[in-house]
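Letters A, B, C and D mark the chains in the order given here, with residues in each chain numbered from 1 onward.
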Amino acid sequence: MMGFMEAKKRKNSNNAIILIVCPDQPGLVAFISNFIHQHHGNIVYLDQHTDYETGTFLMRVEWQLDQFSLNRESLYKKLEELTPQFKMKFKLYFSDYSQRMAIMVSKYQHCLYDLLVRHALGEIDVEIPIILSNHDDLAKVAQHFNIPFEKIEVDPKNKALAEKKQIEILKKYQINLLVLARYMQILSEEFIDSFEHPIINIHHSFLPAFKGSKPYHQAYAKGVKIIGATSHYVTPELDAGPIIHQCVSQVSHLDQVEDLIRKGRDQETSALAYAVRMHTQHRILTYNNKTVVFT
Amino acid sequence: MMGFMEAKKRKNSNNAIILIVCPDQPGLVAFISNFIHQHHGNIVYLDQHTDYETGTFLMRVEWQLDQFSLNRESLYKKLEELTPQFKMKFKLYFSDYSQRMAIMVSKYQHCLYDLLVRHALGEIDVEIPIILSNHDDLAKVAQHFNIPFEKIEVDPKNKALAEKKQIEILKKYQINLLVLARYMQILSEEFIDSFEHPIINIHHSFLPAFKGSKPYHQAYAKGVKIIGATSHYVTPELDAGPIIHQCVSQVSHLDQVEDLIRKGRDQETSALAYAVRMHTQHRILTYNNKTVVFT
Amino acid sequence: MMGFMEAKKRKNSNNAIILIVCPDQPGLVAFISNFIHQHHGNIVYLDQHTDYETGTFLMRVEWQLDQFSLNRESLYKKLEELTPQFKMKFKLYFSDYSQRMAIMVSKYQHCLYDLLVRHALGEIDVEIPIILSNHDDLAKVAQHFNIPFEKIEVDPKNKALAEKKQIEILKKYQINLLVLARYMQILSEEFIDSFEHPIINIHHSFLPAFKGSKPYHQAYAKGVKIIGATSHYVTPELDAGPIIHQCVSQVSHLDQVEDLIRKGRDQETSALAYAVRMHTQHRILTYNNKTVVFT
Amino acid sequence: MMGFMEAKKRKNSNNAIILIVCPDQPGLVAFISNFIHQHHGNIVYLDQHTDYETGTFLMRVEWQLDQFSLNRESLYKKLEELTPQFKMKFKLYFSDYSQRMAIMVSKYQHCLYDLLVRHALGEIDVEIPIILSNHDDLAKVAQHFNIPFEKIEVDPKNKALAEKKQIEILKKYQINLLVLARYMQILSEEFIDSFEHPIINIHHSFLPAFKGSKPYHQAYAKGVKIIGATSHYVTPELDAGPIIHQCVSQVSHLDQVEDLIRKGRDQETSALAYAVRMHTQHRILTYNNKTVVFT
């Protein structure tokens, strides 16, 4: 996560962002804000949350580096020295280095278009070096947005091999965020372990309702009056990782399954785009299989 | 359901409302609209829905009786004669006869206040002859709104007996709609069978997620980003009857269980009030464990 | 509007759709449903609305033509004969003939992409023979979706001439719906008159608040907590035509003008797409500078 | 605003809350968090916002006083000494002292019931020593909730006198928050000046649309598809004070003016209750005729 060594410099903004998790105790805000102020950093964002149930303190701080008296490596070392006294885990980011996000898709185009248009508009401020798919269909979308596209076929017999190839490509492109934009294959536990970076998925139901396949058909059969979509981090347990965002839409008896699918697409694109935006702005912390999203 | 014999005349509006379910076939709209027009009824509302999956036709028609050439009993008989050719099931209502709604509560006051204020404001246009509870707490709310209140204690040992008493009271007051406004006891199958009229419940989750008890605790543990409430008809299977309406509210990591409970209250009152309003306006048809709500 | 002469046959669906406006009077539903049934049409949709303030009756009926005993021209003639007795104005459409929709854009890409992706997905079921712009920027988007693109520069001095050219192109392509997808020029009254077909615009505020230019700046200055977008038919009075749909988004002090613009884009795409979808399904009637949208 | 002298001790919670506004400059967060930490206060909430347009820094900090080494008066004096160097304006509150909120009503009951039920449920944690009205109608509601009620008739001729009496009562009860819960009289500038404490109003439109009287009629005439309600602080200019919260509801051609009024009631109660809750938790700062609501 500590992006400053592997990523390339990108833009003029020159802020540091730190995400912190540690046991709750007095003085944490003062410690961090002092540390930054003593080294002439100007805090532009500070938000913190205490989960009293588990006694967990979580914080996001962002400050300007223009006058900051420590260089990036010194800052990192200093934090490594100072944080153990608080049992603090931290992640350090710099706003002028891009994240490298890969997108995996199958045949559905709506989430892909949505992400790429938002990327073009600057809403999602990352580099997208590669789009991976198990089908050819969306190659021309990637091409239109000038993003390399690679197809790796996946079938039950070759899945392990296909995943190995996928991982190789992700590593080759130094990807540190993988987004599953309605990718219709289940990633194996081995894939998740060996990728080592966060994976964001969009599930087309209001989780935990309607896990698994064909959630819109399940919703139709049940006669619900609201459908939804859920963006979440991927964990080995299917559709059970920390939820990042959920979007919903009212439906009625007038809506057939195909209408649920249509209305659901809008919720899928919104929930996924929000999750990607929040993640790439280093606004999300996870603990206890839940997320804290600092907005 | 055919309210015109047991209920008292109530107000100046003088409309007939018919709800129809039958196998789909051509000519149904023409048949009904003609029948009404030939007898000089002026249609003020007509909505219909065809469920193509099951081949089911559902319709709601409302017309003015001022010039109508059939009296109410003749109308009913005529419909009984004419509808079998279409395998049509119908329910006939008259807008000048009130429904008689009972409310069952325990200790939570928000849904009760909400229903009674809406009733006072004319949003819910029924008579409320009785409020039943297994506790004393809300007696003074009933009294404030001038509605009789009866407490029938329910504990595991006396439940069958208590339900028998409840049914007796509901029958005594000629209740034809029972609303469970956060009533914290599960009604037995025997109760549901012997009551013979619709029962509307509010469940404090976004069904089918978080059935059963303590749904807000379940939602908190799961880390969902939206919570909800579901109004539904009661069937013997717990929290599984036809869904009438669902309301949702965004939540975040800032919300503790008590905040979910607080935010949920607003969704519970809205979802329940909407269901009661739609039901008492004869706008809901059920089939296939789902509802059609003609708005 | 009567699409069956100028447009080409398109698809297998074979329904007729009639939109009706007339003074309210008894027997209208029976008259229409009978007429259709007598000629062996099977009604699949009927919705009607009475505006009691103005005594206006509005209706949308859709029926299957498979067994219908009148051909299209006879149907049209028959309706011309029968409707004057009710002072009925009607528009007749056939589901197997496409509408021809043109899109006008300037430099903003989000609404254009959104419409074209929805078109590709079948959500908006029309032909799009041409995209017109006063700039080159979006030519490549049109090209990607294989839609002809023409640039006609507009500046204050040549505006009348530019509009003349635009009208010529729209007529050449037999356009019967024009969609302004964040087109940044105000159409003159002459343009609107000579085009003769409906024009749908998206305004980036919650009308009637913040008419005119820079609505997000206005909203920011005012400190509103919700922003919106409004799709409406274009009339000569700026931003004052019949409102079709409105979408809103919560905002807070955290949102700078650029955040309002970003959040607003999602509302603009939704509100415009909904309006286009409803219009092209012949679901909208206008009267009294308001719309009735039969959903 | 500095509540600790005039108000009575209320509950076990023992936190201090400070609201700060000052010109933006480096070191503000560090200064405050240090100050609190050095005196052994444990920060449980810190949120801040910088308005870059005006160069304004705003912050809310809440900390536990259990181990705090300064007593309340010393704390206040210390802050008076230290804050001028930053040109800081601060307000200091203590969570164990209640605010004293008066409610003014006329004849509409929905907002009053809503506030009082929320108060009974603990959602709004204040004392309500008095309800004032220009009519008798709601006396029995006040009585039901055991709150003193005073009627002061207001007519055009006696308005100045009536307002003088109102002010006297508000002062007698040491009211420091006045809530207009659909109070149907316009308060004069003199009233606002002499009351000296915040006044929260609910306006039944989505401001700035439909200021003034009969907003639902205006909305109906305009044919909008969404209606709203706005809670705001009262300033001498009618319906133009800083907006606290806005709630909206979808409407359609089916909704008559009375339906807009009905649907609007739900938005009014929500928007008002939210504003009151946020204000009484000392979460709102105003500047530049706008609000910052720290949630």
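Note that in this section a residue touches a chain if its C-beta (ideal position, glycine included) is under 8 Å from a C-beta of that chain, and two chains touch if they have at least 3 such contacts.
Owing to the predicted nature of the structure, the values given are computational and were not obtained by experimental measurement.
Undergrad: Is it true that over half of the residue numbers where chain A touches chain D are used by both copies, so same, or is it different?
TA: Same: most residue numbers at the chain A-chain D interface appear in both copies.
Undergrad: What is the chain whose Cα centre is as far as it gets from that of chain A?
TA: Ranked by distance of C-alpha centres from chain A, the top chain is B.
Undergrad: Could you tell me the distance, in whole angstrom, between the mean C-alpha positions of chain A and chain D?
TA: 38
Undergrad: Taking each chain's centre as its mean C-alpha position, how far apart are chain A and chain B in Å?
TA: 43
Undergrad: Could you list the positions in chain C whose residues touch two or more of the other chains?
TA: 254, 295
Undergrad: Which residues of chain D touch chain A in their complex?
TA: By the definition above, chain D touches chain A via 26-31, 33-34, 36-38, 40-44, 46-48, 50, 67.
Undergrad: Which bits of chain B are touching chain D when the two form their complex?
TA: Those residues of chain B that touch chain D are 109-110, 113-114, 117, 120-121, 123, 140, 144, 254, 262, 265-266, 270, 295.
Undergrad: Tell me, which parts of chain D touch chain C in their complex?
TA: 49, 51-52, 206-210, 222-226, 228, 242-246, 248, 252-254, 256, 288-293, 295
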